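Okay, so chain A shows up in both of these, paired with chain B first and chain C after.
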Partner chain A sequence: MFRTDRVLGLMPLDWRLELTRYPVVRRLLKSRWMPFLLLAFNLFMFTVILMAAWVGGVGAGNYNFGIMIIWILWWVVLMMILVPGLSRFWCTVCPLPLVGEWLQRLTLVGVRHDPKQGNLFAGFKKRWPKSLSNMWVMNFLFLGTTFFSAFFTTRPVGTFVLLFSIIILSIVLSVIYHKRTFCLYVCPISGFQALYSNFAMTEVRVKDPTICRDHKSKGCVVGNASGYGCPWLLLPYKFTRNTYCGMCFECFKTCEYDNMALNLRPPGTDLLVDENRHLDEAYKAFIMLGIAVTFFMSMQGPWGFLKDWVNMATLPGYFAFIVLHAAWCLVVIPAIFLAFVWWGHRRAGPSEVPLKKAYINFSYTLVPLGLAAWVAFSWGIILPNGSYLFHILSDPFAWGWDLFGIAHVPWTPVFTGLMPWLEIVTMVVGLLFSLDFAYKLAVQTYREPAAAHRAAIPMLSFLTLATAGLTWLFIG
Partner chain B sequence: MKREFASLAPYEALHVGIFIEERNARIYENFAQLFEEFRDEESGRIAAAFREMAAEERHHGSVLQQRYVERFGTRPCSLTDADIADLVEVPELTDGEMLILGRIPPQQALEIGLAAERQARRFYLRLGELTRDPLLRSLYQEFAEFERGHEEFIEQKLAERKPAQEGG
Partner chain C sequence: MPESNLQPPPGRWGSALAWVLVLAASVFTIAAALLYEQNRVGDRRVIEIRAQAPEKGNFYPRRIEVVAGERVRLRVRNVDTVGHGFALPALNVGIAEIKPGEDAIFDLTIPEHGSDYEFFCTVWCSTEHMQMRGQLVALPAQARR
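Then we have the complex of A and B:
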């Protein structure tokens, strides 16, 4: 299994299938109507969601369109399909920053361009502070939103408040700061997609780097009459991992040589890209794993007192939840992980690799594991509750409508008997990927094979123990 | 079919040299434009450094143009850098995420230029050693000297920044 040139000992790391070699895909991605038409559809959906969350539904929330679509459908599709399969495709079609971007560009589909001034933008076009140009804001914002998870996920108005706040914040920041500053540095949904998209099975990359090396005008960066310079501030001709690529496909439009490609690839290849790895991304991995555990315990676990704490039944209980949850994500998991990395570091013997470097590098092993935990958690959402979707699609505002004749489909949990098995399989698959990448990262970090083997053992132990613990939690 | 630089006749080499300078000026202008968009003080300094390098490249381009006229008169030549397979003196921003993470200090901008100039000088010196044509050899040596001039210009800029940085 442990081969440094293959994923799970099977798929060559450099295997790629270029989807854009098919003319229909290429034409689609080069068209300025893509992704606008998808955005327009999603804008409509989110308008209904916001309206339903504001005016419709019932107090309990179970039959509210906003809650159901966001927390049953969207979240599950995001974690189970979009992120592992299509990288940050959600960012392609996310309507939340649409108004902000429109205010910057003053056009929805076209390109405002002046041959002398380049792409034209409205607003103050400021640059986000350098000290905040990382994932820390997103880390704390996402963790912060989980403090109010009961409010956001069970009360329609909570869902409204969350989505509306994100829209307003994106508008304000888009007017002040340039391009996709909000998505890059602030959006709480963006952060975990950024990290987990490194595991995704698709990527946007340059086809032939030599063409870019020889190309003078670099329209993909500075923009031209066909499109905008990368709104995500990447240098598309040079980027090597999915983390910050919002898959807006502007680089397909601006590239004069048709040199951008959308590829299928083996999962996880970006986890091995040793560029710009920093503690903020490591903490994103810890926080996501921690939240998965807390959410499962409080939402799907048998501990009633935890539900009360999260639901703010009592103020002391709620504060206890915040303190314990924050400490679990920010201190306990990182500290346990540090202990195992330190153990491996010692076992590796004298080396020039700093402990911090090993700690950050190994933190990427938590991406497959964390994603698996979220997928396993998602089984527990969609299988028991998915049938609610029929009802709310037919009667989005709970006003007694029956648009598609399915408003009276009763609540029917499906395949719940299979759920523990699906969760076990999911966790085992996640573990296999984590072990595989832990070994590869050990070799990458320590170079010398014997030292890498020694350093990998504690990490493999940690990942196995963590998976066992999570599996016990899910099915125990 | 692209040609190797070493296969060029003297007038062609000089002609391509003019275009290389002009191309680099445009690349530096693009870099400058990129950083100017950020509109903060440090990005402004980086942009200014790139603009200076662009002006320097343009100046050298004009000098080469003058030499072409002096040596070859109005002899027509359609060859440009785009027709050459070798990559000579291409300044590159190499970290695809550098603009996101804000981890490019102004001196790095200069170092990008310095690396390109050094690569170009080595390239021309090597060509000079390989060629048997005395006219071409002197031309390549002249190119190498030009690149040395660029290097010195950038090194001087870097040196000017050091005391400022050390002084806080």
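Then we have the complex of A and C:
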């Protein structure tokens, strides 16, 4: 299993299937109607979601279109399919920053371009502060939203408040700052997709770097009459990781030489790209793992007092939840992880690798494990609650409609007997990937094979213990 | 170097189509939903009653004024986390249980002879269940504007 050139000892790390070699895919990605048509559909969906969440008021959310589509369907599809399979494809079709982007471009589907000035934008076009050009804001915003998770996920008006706040914030920041600054550095949904997309099985990359090297006009960066320079403020010809690529496909439209590729690849290859790794991304991994545990315990666990705390039944209980949850994500998990990394670092023997470097590098082992924990958590959402979707699709505003004749399908949990097995399999698969990448990261960090072996043992122990703990939590 | 492969962006008609799609997805969707609902309800006045256990808020509103002869649609929405029932026996209206999050809709015409009609919950929803009740007060037809 532990081969440095293959994922799980099976798939070569450098295996790629270029999807854009198929003319239909290439044409699709070069067209300005992609992703516009998908965005228009999602605009329709989110219009209905916001309207339903608004007219749904303060009531219980199990028969509300907004609650059901966002927290049952979207979240599950995001964690189970989109992020592991299609990287940040949700960002491709996310309608939340649309208005802000249209206000910048002053066009819906066209391109405003001047041969001398390049792409034309409205707004103040400020640059985001350098000190905040990382994941810290997203880390704290996402953690902050989980303090109100009961309100956001069970009250229709809570879902409305959350989505509407994101839309307003994106509009304000889009007017002030350049391009997709909001998505890149602020959006709470963006951060975990950024980190977990390193595990995804798709990527946007350059086909032939020599073409880009010799190409002076760099349409993918500055834009041209066919498309915008990278809205995510990146250099597409230098893509090495999925992290900050929002998959808007503008670089496919602006590349004069069709030199951009959408590739299928083995999962997790970006976890081994030793470039721009920082503590903010490590903390994103800790926070996501911590939230998965807290969410499971408060939403699907048997601890009633915890539900009361999260539901703000009493103020002291609610504050206890916030303090413990924040401490768990920001202090306890990072500290335990540090202890294991430090142990491995000592076992590795004298080396020039700083402990911080080893700490950050090994944190990427938590990506497959964290994603698996979220997928396992998602089984517990979709299987018991998925049948609510029939009702709300037929009666989206709870006005007594029956558009498709399925409004009266009763709540019917499905395959819940299989749930523990699905959760076990999910966690075991996540563990296998995590162990595999832990070993590869140890070799990458310590170079010398014997030292890497010694350093990997504590990390493999941590991952196994964490998986055992999570599995016990899910099925215990 | 290979040959340039740029595609022109959509022209005027493309931009117009994009606007149509965006408006259809947003403004027209909201308008269509409201119009459809208005058409469905017709000339009935829609009265929404939120149902929660008495200690959490009871029926709201608990006193509803209608006019004798008026056509109304009662939408009883269970916004609680436990089931509630609804009965308005004098007008032969009721449902055994409305599950959490669900609602029940009753179309009725208020009788011409004005009176007060009591409604109440029919599910033992809490220790305060017996307090979960309200009144439909039918005003005389002269009150109609």
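Here, the second predicted complex is superposed on the first by the 474 of 476 C-alpha atoms of A that agree within 3 Å, B and C clash if a C-alpha of one lies under 4 Å from a C-alpha of the other, contacts with A are read in each partner's own complex, and residues count from 1 in each chain.
By our rule, contacts are C-beta pairs under 8 Å (C-beta built on N, C-alpha and C of every residue); 3 or more make two chains touch, one makes a residue touch a chain.
All values reported here derive from a predicted model rather than from experimental measurement.
Engineer: With the two complexes overlaid on their shared chain, look at chain A and say whether chain B and chain C clash or fit.
Structural biologist: On the shared chain A, the partners fit.
Engineer: Looking at the overlay, what does A:465 touch: chain B (first), chain C (second), both, or neither?
Structural biologist: Touch partners of A:465: none, neither chain B nor chain C.
Engineer: Using the superposition on chain A described above, determine whether A:214 touches chain B (first), chain C (second), both, or neither.
Structural biologist: both
Engineer: According to the stated criteria, A:168 is in contact with first (chain B), second (chain C), both, or neither; which is it?
Structural biologist: neither
Engineer: For A:44, is the partner it touches chain B (first), chain C (second), both, or none of the two (neither)?
Structural biologist: The answer is second: A:44 touches chain C but not chain B.
Engineer: Would you check which partner chain A:236 touches, where first means chain B only, second means chain C only, and both and neither mean what they say?
Structural biologist: A:236 contacts chain B only, not chain C.
Engineer: Using the touch criterion from the header, give the chain among chain B and chain C with more contacted residues in chain A.
Structural biologist: Answer, by number of touched residues of chain A: C.
Engineer: Which value in Å is the smallest Cα separation between chain B and chain C when the structures are fitted on chain A?
Structural biologist: It comes out at 7 Å between the closest C-alpha atoms.
Engineer: Take the contacts of chain A with chain B and those with chain C, and give the residues found in both.
Structural biologist: Common interface on chain A, chain B vs chain C: 214.
Engineer: Which bits of chain A are touching chain C when the two form their complex?
Structural biologist: My answer: residues 30-33, 36-37, 40-41, 43-44, 47-48, 51, 57-64, 107-111, 211, 214-215, 219, 224-227, 253-258, 396-401, 411.
Engineer: Flag every residue of chain B that touches chain A in the complex, lowest number first.
Structural biologist: Within the complex, chain B contacts chain A at residues 23, 26-27, 30, 33-34, 37-40, 42-43, 82, 87, 90, 92-103.
Engineer: Mind pulling up the chain A residues that touch chain B in the complex?
Structural biologist: Interface residues on the chain A side: 118, 125-128, 130, 133-134, 178, 184, 210, 213-214, 216-218, 221-222, 229, 232-240, 243-244, 275-276.
Engineer: Mind listing the chain C positions that touch chain A in their complex?
Structural biologist: Per the touch definition, chain C meets chain A at residues 1-10, 14-15, 18-19, 21-22, 24-26, 29-30, 33, 36-37, 40, 50, 75, 77-81, 99-103, 105.
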